[in-house]
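Same chain, two partners: chain A is paired with chain B first, then with chain C.
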Partner chain A sequence: MNPYVSLFAARFRALLQYRLAAVAGFGTQLFWGFLRVMIFTAFYRSTTKPPPISLPDMVSYLWLTQAFFALSLNYVDPDVRAMMRNGTVAYEMVRPLDLYSVWLSTALAARIAPTVLRAVPMLLVAWLLLGLRLPPGAGCALATAAGIACAFLLTAALSVVVTASLFHTVSGEGLARFMPVVVYIFSGILVPLPLLPGWMQSILDVLPFRGIADIPYRLYLGTVPASDVPLLLAHQLAWTIALVLLGKLMLRRSTRRLVVQGG
Partner chain B sequence: MEYRASSLLLVSASFTATAVEFVAIWALFQRFGNLRGWTLPEVALFYGLVSCSFSAAQLTCSGFDDFSRMVREGLFDRLLLRPRSAAFQVACGEFPLIRTGRLVQGLAILLWSLWALHMRWTAGRIALLILIEMGGACIFAGLFIIQATMSFWTVETLEIMNTVTYGGTEVAQYPMTIFRPGFRLFFTFVIPLACVNVIPAGLLFGRAHAGVGTSPWCAAAPLAGPLFLLIALRLWRLGVRHYASTGS
Partner chain C sequence: MSYLLCEAGGTALDIVVENLKKSFHVAEREPGTWGAVKGLVRRRVRVVNALDGISFALAPGELVGYIGPNGAGKSTTVKVLSGILVPDSGRCEALGCVPWRDRISYVAQIGVVFGQRTQLWWDLPVAESLDLLRDIYRVPADAYARSRAELVEMLQLAGLLTVPVRQLSLGQRMRCDLAAALIHAPRLLFLDEPTIGLDAVSKLAVRDFVRRLNRERGVTVILTTHDMDDIEALCSRVILISDGKILSDGSLDSLRREVTRERRLTLDLEDPEAEISDPDAELIERDHGRVRLSFDPERVSPAELIGRITAQCAVRDLFVENPPIEEIVARLYGRTAK
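Moving on to the complex of A and B:
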């Protein structure tokens, strides 16, 4: 088997072990979802101007953010972080594998496994009891599936860039701390992007972050015209490719002048 | 100072990470103008109050936050041998400097809201503000202690408790009248966060809102905080008596 595929599979199985944590996490996620639905509903009832997203769409959107929470998290793999701290990352580099591909496949697995665990029950419960609407057509569902797949690639590529940045700052983790907040705000998880002020919209449209939440969820709601679907998917893929290239470049540059810590 | 760019990023990142919730509130007010009749400075006051009392509790009770590790590693046995109360020792465990970011951020928003509200300062209002702050800190301290107490039985801290600690701050950032009745009842009578939120708020703002009274009795509501803390300490003592070391 392809070594990267088997790495991915091993990581995936390891993460599936934490089933109890997933149950506790599910309860927490339900609570936050409830809370957010109540807050947004209260805001919606405070105005007579029609907002850019209807209330039922808004409720669906909020449950989608809860269901796919693990997808959008931006963090550095704790194992890789520990390796960088104590210098064992040097062993990783001697292995006859491409370090970038190793990191990308583990980052992908670290997002797909918890998402599968959490998203399926959450979508089911939210659909049956909490007002999550289904995508309005088969085409929409298909576009959503493609959008989610691209979002996984995009978020994994971004997190490898953040990981590679750790080579430059041993104690810092500056970017690693900053990125989650940036992703949280600019991807549309905190507040759906159309609700943010008008002057921000043109910037938000260009940035890569909307591909992590905004694009797949709007594909789900079916509020984008069908002709725009390929464009949105291309937006995600283009940024994914750009981030992959950036990550590879950063890794190549830092491995060339790497100083390994510790004895 | 070797990593100047990085440490600068770090400081601003910890500040933004805690202020991110306020970004959401700000953005929603930009869009919707009001929240069921409440204005942005009024909601900011709720936000600032709860942020400050939460971080005050977090700074003084950090040991309880991390208590399950203490039990797992058997470190708690050592404390029991010393001639001071166990609760006092756990609370004084360490002072997490990095968490002061939240306090600074909460204070900034609190001061801004007081300025924007053009509050008329009377001795009564200042006393009430302090009382609310203390009451809130007591409630969160109580929650941290209850969370630690649970680890006497389960050893693993339940992630579920985050819904009432971190979730509680999220709830109390808003005037609680916007929530559903069942939710409100829970956060009034089980975890009395409403007593440091909307119940005394009418007196603070000096104007009646829908569902918010201005009876002088409301000023006594924050006392539910110390009461809650006392109950939590009672539970803690029960837990200590039940405690059997992990032996490792």
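Moving on to the complex of A and C:
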């Protein structure tokens, strides 16, 4: 088997072992989902202006963010971080593999495996009981699938950029803690982007983060015109490519001046 | 496999290192709170010359011990030779490749074990880790089956294959790590403190394996260790490094001769109280009937000394030996510390 596929599969299988974490994650996501639906419902009741997203769409959007929480950059692969801290990363370098591709494939596995475990039951429960609507058409569903796939690639590429930055610091906690918060706010997970002030929207429309939540979930709701769909997917892909190149460049530079910690 | 060969440097040697240098910058701060605050404003950076002009060459099939005190530059050498670190200057060629430049094609032909770390995946069973390494090194199925069977037999891994790596004892883990480093049949093996923390039985198993590997498969081995028994048991050649410089390079005997010609004569006397003295020998230890003398074989031959002493008093048993290698090395380290 191709070594990168093999690494992906091994990581994926290993992550599927963590059933208890999946159950706990499911419970947490459900709890926060309820809370957020209640908060937004309260806001919607007290508003005087017509909101940019209807309440039923809003509820669906919220459950999508909860179901796909593991897809967002909720953490940066702790295994790689530990490897950096204790110097085991040296072993990664004595294998005849491209370091970037290794990390991208494990980062992908680290996103996809927990999402598969959590999203499927969450979507089912939310659809049956909690007001999640299905996408309005087959085209919408297809676009959503493409958007989610691109979001996985985008998040993984961003995750490797953060990991590569750890080469420059000793403990490597800074960006690894900071980036999830940035993603949480700027991708539209916390508050859907259409609800933000106009000037912020125009900035966030350009940045890569919306590709992680805003784009796939709005494709799901079907509120974007069909003609915009290729444009949105291109936005995700263009940023993915840019982040892949950035990550590769950072790794190339840092491995030239690497210091491996410990004897 | 086409990627196996670098442009050969036209040399019959496995490793050539010439005047290799590598320095690190270490940020220092004074102790205490005030020191920490000062460190925020102004960093004092100290340059550490981890490698300060190292040169040596290794022929195929050699088994070399690479020793030196902590921080001498042993691990740095291994990391440069295995393509992990880029040196500041100097020449370094291994198997005809420049390790860091031709990293991917080069590391396919080497095996590395860092004793303090494991390359196995801690949440996978050993067998799956090996399968993963087969894919990583693109080992053909039949070569893999052969190599795996051989390693499982030599390292006695049969009972360990289904155990997740996190549940292995240190000795078991080291055996598995050795298998992992050799599954692709490398020509060159770097062992960085492979016996650290192991019990006596596991140490013997590791030594035995390394010896067989070197003799039977002709694998070239560089072994760094603090355990002089490893060196004595395995290495015909020892390179001693301290403060980034090579202090000595040669056989264990020549290393001994360089430090001291001293021999030890140990005697078990019939009468524990008997007087014993000789102008050419120095008494270094006396414990009841056991007497330990030190002498210089250039001044007095062992046979002559033994003859004179057995004439003085009745001896039940005796033997002549070299001073323990630990002592030799400690003296050498001490000499460099001055």
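Rule of thumb we're sticking to: the second predicted complex is superposed on the first by the 261 of 263 C-alpha atoms of A that agree within 3 Å, B and C clash if a C-alpha of one lies under 4 Å from a C-alpha of the other, contacts with A are read in each partner's own complex, and residues count from 1 in each chain.
Simple rule for what comes next: contacts are C-beta pairs under 8 Å (C-beta built on N, C-alpha and C of every residue); 3 or more make two chains touch, one makes a residue touch a chain.
Just so it is clear, the model here is predicted, and its values are computed rather than measured.
Colleague: Using the touch definition from the top, say if A:Gly87 reaches chain B (first), chain C (second), both or neither.
Modeller: second
Colleague: Return first, second, both or neither, reflecting whether A:Arg95 touches chain B, chain C, both chains, or no partner chain.
Modeller: second
Colleague: Tell me the contact category for A:Ile241 with respect to chain B and chain C: first, second, both or neither.
Modeller: The answer is neither, since A:Ile241 touches no partner chain.
Colleague: State whether A:Ile203 touches chain B only (first), chain C only (second), both chains, or neither.
Modeller: Neither partner.
Colleague: Of the partners chain B and chain C, which touch A:Phe43 in the superposed model: first, second, both, neither?
Modeller: A:Phe43 contacts chain B only, not chain C.
Colleague: Could you look at A:Leu190 and tell me whether it touches chain B, chain C, both or neither (first, second, both, neither)?
Modeller: It touches chain B, and chain C stays clear.
Colleague: Check the residue A:Arg177 against both partner chains and state whether it touches chain B (first), chain C (second), both, or neither.
Modeller: After superposing on A, A:Arg177 lies in contact with chain B but is clear of chain C.
Colleague: What is the contact status of A:Ala10 with respect to chain B (first) and chain C (second): first, second, both, or neither?
Modeller: In the superposed model, A:Ala10 contacts chain C only, not chain B.
Colleague: More residues of chain A are touched by which partner: chain B or chain C?
Modeller: In the superposed model, B touches more residues of chain A.
Colleague: Along chain C, where are the residues that touch chain A in the complex?
Modeller: Contact set of chain C toward chain A: 3, 24, 70-71, 75, 79, 82-86, 103-105, 107-108, 110, 112, 114, 116-119, 121, 123-124, 128, 131-132, 135-138, 193.
Colleague: Quick one: which bits of chain A touch chain C in the complex? Just the residue numbers, please.
Modeller: Chain A residues touching chain C: 1-3, 6-7, 10, 14, 17, 86-88, 90-91, 93-98, 256-260, 262-263.
Colleague: Applying the document's contact rule, which stretches of chain A touch chain B when the two form their complex?
Modeller: Against chain B, chain A makes touches at 21, 24-25, 27-28, 31-32, 34-35, 38-40, 42-47, 51, 169-175, 177-178, 180-181, 184-185, 190-191, 195-197.
Colleague: Looking at the complex, which residues from chain B come into contact with chain A?
Modeller: 2-3, 5-10, 12-14, 16-17, 20, 23-24, 27-28, 30-37, 158-160, 162-163, 167, 170-171, 174, 178-180, 183
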